[in-house]
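What follows is a group of structures, each given as structure tokens.
Below, subunit A partners subunit B and then partners subunit C, in two separate complexes.
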Partner chain A sequence: MTLSQAVAYLARRNARFFFALLAYAFAITPLYFLRVVHSDVIVTSAIFFVVVLGLDLLYGCAGMLSFGHIGFFAVGAYSVAVLFTRFAISPLLGALAGTLITIALSYALGRVCLRLAPSYFMLGTLAFGIMTHSAITVWYSVTGGDGGLGGIPRPIIGCSLDTDLTFGAFAAACAIVLFWLTYSLSRSRIGRALRAIRGDAVAASCLGIHVDRLKTNTFVISACYASFGGSLFAMYNGAVHPDSFSLGTLLDLLLMMFFGGEGTLWGGLLGTTIIRQLPDIFGGLHGGQVLFEGIFFCLVIFVLPRGIAGAVEDAVKRLASPRTKAGVRAASNIPPIAARLQPEQAPLLQVENVARNFGGVRAIDGVSFAIHRGQIKGLIGPNGAGKSTLLNLISGVLAPDDGCILLYATELSRLRPDQIAKLGIQRTFQHERLFPHLSIEENIMVGEEHGADGSLSELLECALGSRRTLTAERAARAKTQAWLCDLQLEAYAGATTESVPQGLRKLVELARACAAQPFLLLLDESVAGLNDVEKQAVKGFIKKLHAAGLAFLIIEHDIDFVMELCEEICVISFGRTIADGPPADIRKNDAVIAAYLG
Partner chain B sequence: MQVFLQVDNLEVSYGTGAAVIRNISFAVDRNEMLAVLGANGAGKSTLLRAISGILPLKAGRILLDGADVSRWSPNKRVELGLIHVPEGRQMLGGLTVAENLLLGAYTRRRERRSALEETADEIYQLFPILKERRQQLAGSLSGGQQQMLALGRALMAKPRVLMCDEPSLGVAPKITDEIFAVIGAMRDRGIPVLLVEQNAKKALALADRGIIIKRGEIILAGPASELRVNRNLSASYLGV
Partner chain C sequence: MPEFTQVIVAGLSQGAIYALLGLGFSIVFLATRILNLAQGSFALWGGFVFLSMVAGAKIPLAISFVIMLILSAALGALTQLIVSLRSKPWRPISPDMAVLSTLALLVFFEGAAFMIWGPDPQRGPALENGVFRLFGAIVPWQLVWMIVGALIIATGLQVFLRSTWSGRAMRACAQNPMMSSLLGINVRRIGVLAFALGAMIGATAGILVSPITWLDYQSGGTFALNGILAYLIGGEEDVAGPVVGGFLLGIVQSALLLLPGTSGGLLEQVVPMLALIIMLVFRPQGLLARRI
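Right after this comes the complex of A and B.
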């Protein structure tokens, strides 16, 4: 890739970023010179935009709504104020200190609160926000209590930032840099991983995404945005007061995000500016101001449920002609799997005496079987026999109460789903679990990219958009097209998951699992809901993968499908194995006929 | 006398997009089962959703027992006895099996409790596993068991028209036969049945008539016995 190509690719990939900034600059400049919008609004908008970016990264991508950011905002502001007034430490170092304190606090808070269900996560973080507000209000000796702290100078970077124009330029520069980083991050594999978690954390985990770590790190980064915004806020105002960090401000921040359009990032530009401008618009109403603002919000949210930016994006999507990729048939990219396998004679996967209880019900009661390398094994049995539970145990979604599951010599039963996925086991689900916040193409890319570690270095690399990540992304996109072609789904590449017919969604899930290049694939009723010809196509696809060396465990109720495809079939009923052997024997087995075939 | 369920020139689209189904017309009388066949994405589920009122019509009308219900809300259509068993179970996972069944009889809320329990007992006889699990949360049932519950819940309403969207999805072969037998029995009781099914062979063996939809339009219609032996069937139905 030459430099000019790289620049062109970056510009195309980030069109939304450049367009949003340019449009905003063009709109705001005349308004400023016409004195409709004051400089104060523009500077504070830039500052709040930093905070909203963090909130939107956390909620718009990962689906976690934090009410604790008002606390981190206060930590950033008070670090600057306290360190300067007590120790005469420069505001920029104060901001750095605030960020470090925030990292420690948010990491601790995240480890606790991220274990909770979303609604309790909100409550937990809200408690933190309220506690911070109380602390700064009563801790007179350090924070000055409800008298606040004043006399904070603006930082000196080359020149003094004393005027609103210079400080505004500084704040805007910070905001643009953070906007760029956040935008790159949200468009990268990490962004896809976060949206995957928002849609379905279990499926995300089964594709190799380290859900806990990624969520914690995202929370910490998002908190740092709030803290840095707070530091800028303290420098700009020259003083801090507990009132600026009350629940009212939290509400403003949330409104900025939802009003602008969650999940779009650039919506924050609009949200912050409009909300900062509102007092000027409704100021003449005095007492009625809050009421009218409230009515205004209700109307906007009612008419534009995805915020202003969301509405714009929807409109653009509707206007743009749907991408039809007819005729684009990428070559099949089934990789040789056998080459990556250890040349051992031992079984690939060994399930030994596995048991699992749900409350008092023994769903799996000592099941044992083995899958050899490159083998297609069927798993059949009556409804409720425990087939899907067994798949959950192998893929790590559930832990067995007893027994062990070995992949060669590796014990799987104590590993997380993402670790098992990384070892080379992929699965589909009985009721398809696609990620609704990602397009069909992006769903498969999550598999292609082998999930995400969620480590800080990975986040940083994606935010900076290193050449390696960009090249990898383009490769993944190309391969995705080939997988779609293999399953005759290429027409749906850019489609949303809900626009794909139910039966075909399971095929997308199959492609997503295959894209992760496993050597053992667990299929849970992948052809249920397909007609005969569609089933034949899937059969052909499975045979091709099998020829490349992939092993399968297939749960299916279409008995002809199973009999033709599988080399061995294991039959379970009421959590126990009742038969295991080649298809011909199974068909004749009396116990199987009584329990299942009828 | 008019037929029980009549659909005239139905056209439906999602949002402002292109029509997903067009010019769909058919009628189903009492004692009759109509199989709706077609490839994935042909518009079968959309058709059922439009008839039950979840999707608005762009054009056409739906007559139920002579009344034009095209503009009625879904709940009003259910009150009239138009029951839809949606694809992919759609259980109320937080309620027990028994509560799910009772909720199915919501339209019969003025009847005595004993009458509802009688119907529930009939359903428990059809699917003994549901009786065994009746105090368990529906969400804890296996996929196939949930499918049985979905059908049972629909039967609780004493439907006057039954629409089933892939009732055999994820169900063991033995139970599939039972489910088809139950649906057949409903038809024999005089209830018009609309059956969407991927298993064309089984559906046509059971149904009286069939329609085949391709890209949103009916391309073939006729008695099931004729469709079964139609040479063009596999080619057209499968969308080749």
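Right after this comes the complex of A and C.
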């Protein structure tokens, strides 16, 4: 590959990244030489951009709004300052120490706060931010209290970074590298997994995403951005003061992210520069600035909630002509499943005496049944019989109070949903749960990529964009295309989930589950609300998958549909099995007739 | 002994501040599930407007109070209309957007307060100046007013929520806005009512606490935080929650002063925040509420 080819490839793959940087450089250079924007604004913008990147990775992708980043920002700055003034340790080592402290703190805080509902997550992190601020204000012996600490030198990397130009170049280089890493992370499978969590954490974990670990690790990484930004801030200013880490700064950070455009990453470039420029516009008029920030914040939240960058992206999307797909139909995608199964006679899935209570209600009261290899099993029963609860128990969304669920010899009842998904059980939901922040194609890709482990090494690999992840991504995209063709949905590949009609959404959800290549697929009313044509499409699709060796557990109210498809049917009523056998027997069973007709 | 009682009095005083500020939160959250940070600015503006009327325009206390209640009800209603501009009964505003928009309004109100009343802290007018002695401790009369105020508001809210149609409608809206609207409850109007009530309570709280805390334009954020603390510690489901939670926190915080070697500044900031995190971890539903 020649250099020009490499550049062309990078530009094609990351057009938005390069375009944003170039446009920024072109816009800021004349402003700088016209003395409209001072070097101070540009350098601090680069520093704050690092922090905003972290915030945006956390909120824009994963939907978690942290108010605690102001605390991590302070930790980074004060580590540099304290270690230099007390122990004469070089600022770069200080930044490293700050990052390590931040990792420990954010891990602890993340474990505590990430379990909470969104508004309580904000409060918990806010409490941490305020505590940090009061600690640095009051702890005179170490932090210098409200006098702050001074005399921090700029680091020496090859040459001294004493001038604004050299330090600015250093800060900008750091910011660009981090921008690149964050950008490729957000476009990778991890980015898709995070947006999946933002949309629907339960469905995400049922597709094999280790939600807790991924959220915690993302939080830690995002906190490290804030800490590193703080270290740069301390080096640049040569001094630290508690006022720089107050709630006012937190507000600035939030404004930078939301005004720039959350979820776009490059919006941070605009946000930071414009907000940093504000004091210059207002000069000494502090009061005007306070009021203006209030009005500005309100306008951004109420009028432009997606920010400038979001508005630009929406406009571009609207202007760009809908891509017409070439008429190439990929070959059918359904993989031979039977070949991957253990050739045993034992049942694939065995449910034994499972019970589950909700408060005082015993929703499932000792249900047992088995599903054999490649079998289609129906699960029917009157409303409230506990069918969906049973599905939740098998897929790990709920834990059974009693009994056991075995996949071959593996006990499932103590596993998380993502572990169960990895073992080869996939499900759909009664009310379709697509990820609203992902396109139709990306929804299926989440299944195709088997979710995400959320481990640090996986995050790192995706951020660096290793050859392996890129190849895997291309393969997943191609396979997704094939799934879409199988279901004749290729016209909708890039569409948002909202724009697709209900019936097709159910099909997409089915494809998403199949893309993860399960042995056993649990379907919760997948044809409810569909018209006849769509029903036939689903039926045909299920039959094709069945021919490839996939086993099914189907909950359905449409009795004809169940009778035609299923080889065995289990009937439950009030949490108990009342019949289990081939369709012909079920039709004649007295208990079933009594349960249905009352 | 006088030292001990004085600490208890200080704790009650701080607790009354928490409790008063927390009550406004609970009514808004109960009806709309919005964590209303702008609640702090209701207290801030209530305190400032009252101060201007009493000290500036020399209007008698009682009349100022009534005017202020009307003004703050209008302010609260306006806030609700702005916050839920884009939401529908069947599609309520998302929790993070709600927090952000009330935060934006809080910043706006603080900025406006800065423009009107300037940057310097000011002491609100006390309902009754002077102090009396109780078991050797010096007790300001204002503290009595604060405690009485908190109890009256809490009782009134409890009666309103349990025994009036609007109160029950409010509780229904909190649990299922869509169903409530289908049953003929005007969810928007209930939301406006809750915000107006919350603002009136907030403004009353601002009037009562400002002689002790003083007021400056940044107090709104502090008020909001104090209110949230009381509310979270007390529990969600009950208006008595903020009162119990607030007093408990105030007394614990002051009692820690009795330990040798503690400094007031650190305790004032760190203890409440630590309490908040501990509550969120171990009992996110609050002390009084049942686990659902």
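The working rule: the second predicted complex is superposed on the first by the 575 of 598 C-alpha atoms of A that agree within 3 Å, B and C clash if a C-alpha of one lies under 4 Å from a C-alpha of the other, contacts with A are read in each partner's own complex, and residues count from 1 in each chain.
Convention: a residue touches a chain if its C-beta (ideal position, glycine included) is under 8 Å from a C-beta of that chain, and two chains touch if they have at least 3 such contacts.
Predicted model, so just to flag it, every value in this text is computed and none were measured.
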**Asked** Who wins on subunit A residues touched, subunit B or subunit C?
**Response** C
**Message:** Taking the superposition on A as described, I'd like to know which of subunit B and subunit C A:Asn383 touches: first, second, both or neither.
**Reply:** first
**Request:** Would you sort A:Ala117 into first (subunit B), second (subunit C), both or neither based on which partner it touches?
**Result:** second
**Message:** By the touch definition at the top of the document, which applies to A:Met563: first (subunit B), second (subunit C), both, or neither?
**Reply:** neither
**Asked** Is A:Ala528 in contact with subunit B, with subunit C, with both, or with neither (first, second, both, neither)?
**Response** first
**Request:** For A:Val300, select first, second, both or neither according to whether it touches subunit B, subunit C, the two together, or no partner.
**Result:** second
**On subunit A, the residue positions that both subunit B and subunit C contact, one per complex** = none
**Fill in**
Residue set of subunit C touching subunit A in the complex reads 35, 82, 85-86, 94-101, 103-105, 107-112, 114-115, 118-119, 217, 221, 225, 228, 232, 263, 265-266, 269-270, 273-274, 276-277, 280-281, 284
**Message:** Using the touch definition from the top, list the residues of subunit A that touch subunit B in their complex.
**Reply:** 318, 358, 381-385, 387-388, 430-431, 499-504, 525, 528-534, 557, 559, 596-598
**Asked** Which residues of subunit B touch subunit A in their complex?
**Response** 14, 16, 39-41, 45, 87-89, 129, 140-145, 147-148, 166, 169-177, 198, 200, 234, 237-240
**Request:** Within their complex, state which residues of subunit A touch subunit C.
**Result:** 59, 63, 65, 112-113, 116-120, 122-124, 126-128, 130-131, 133-135, 137-138, 247, 251, 254, 258, 286-288, 290-295, 297-298, 300-302, 305
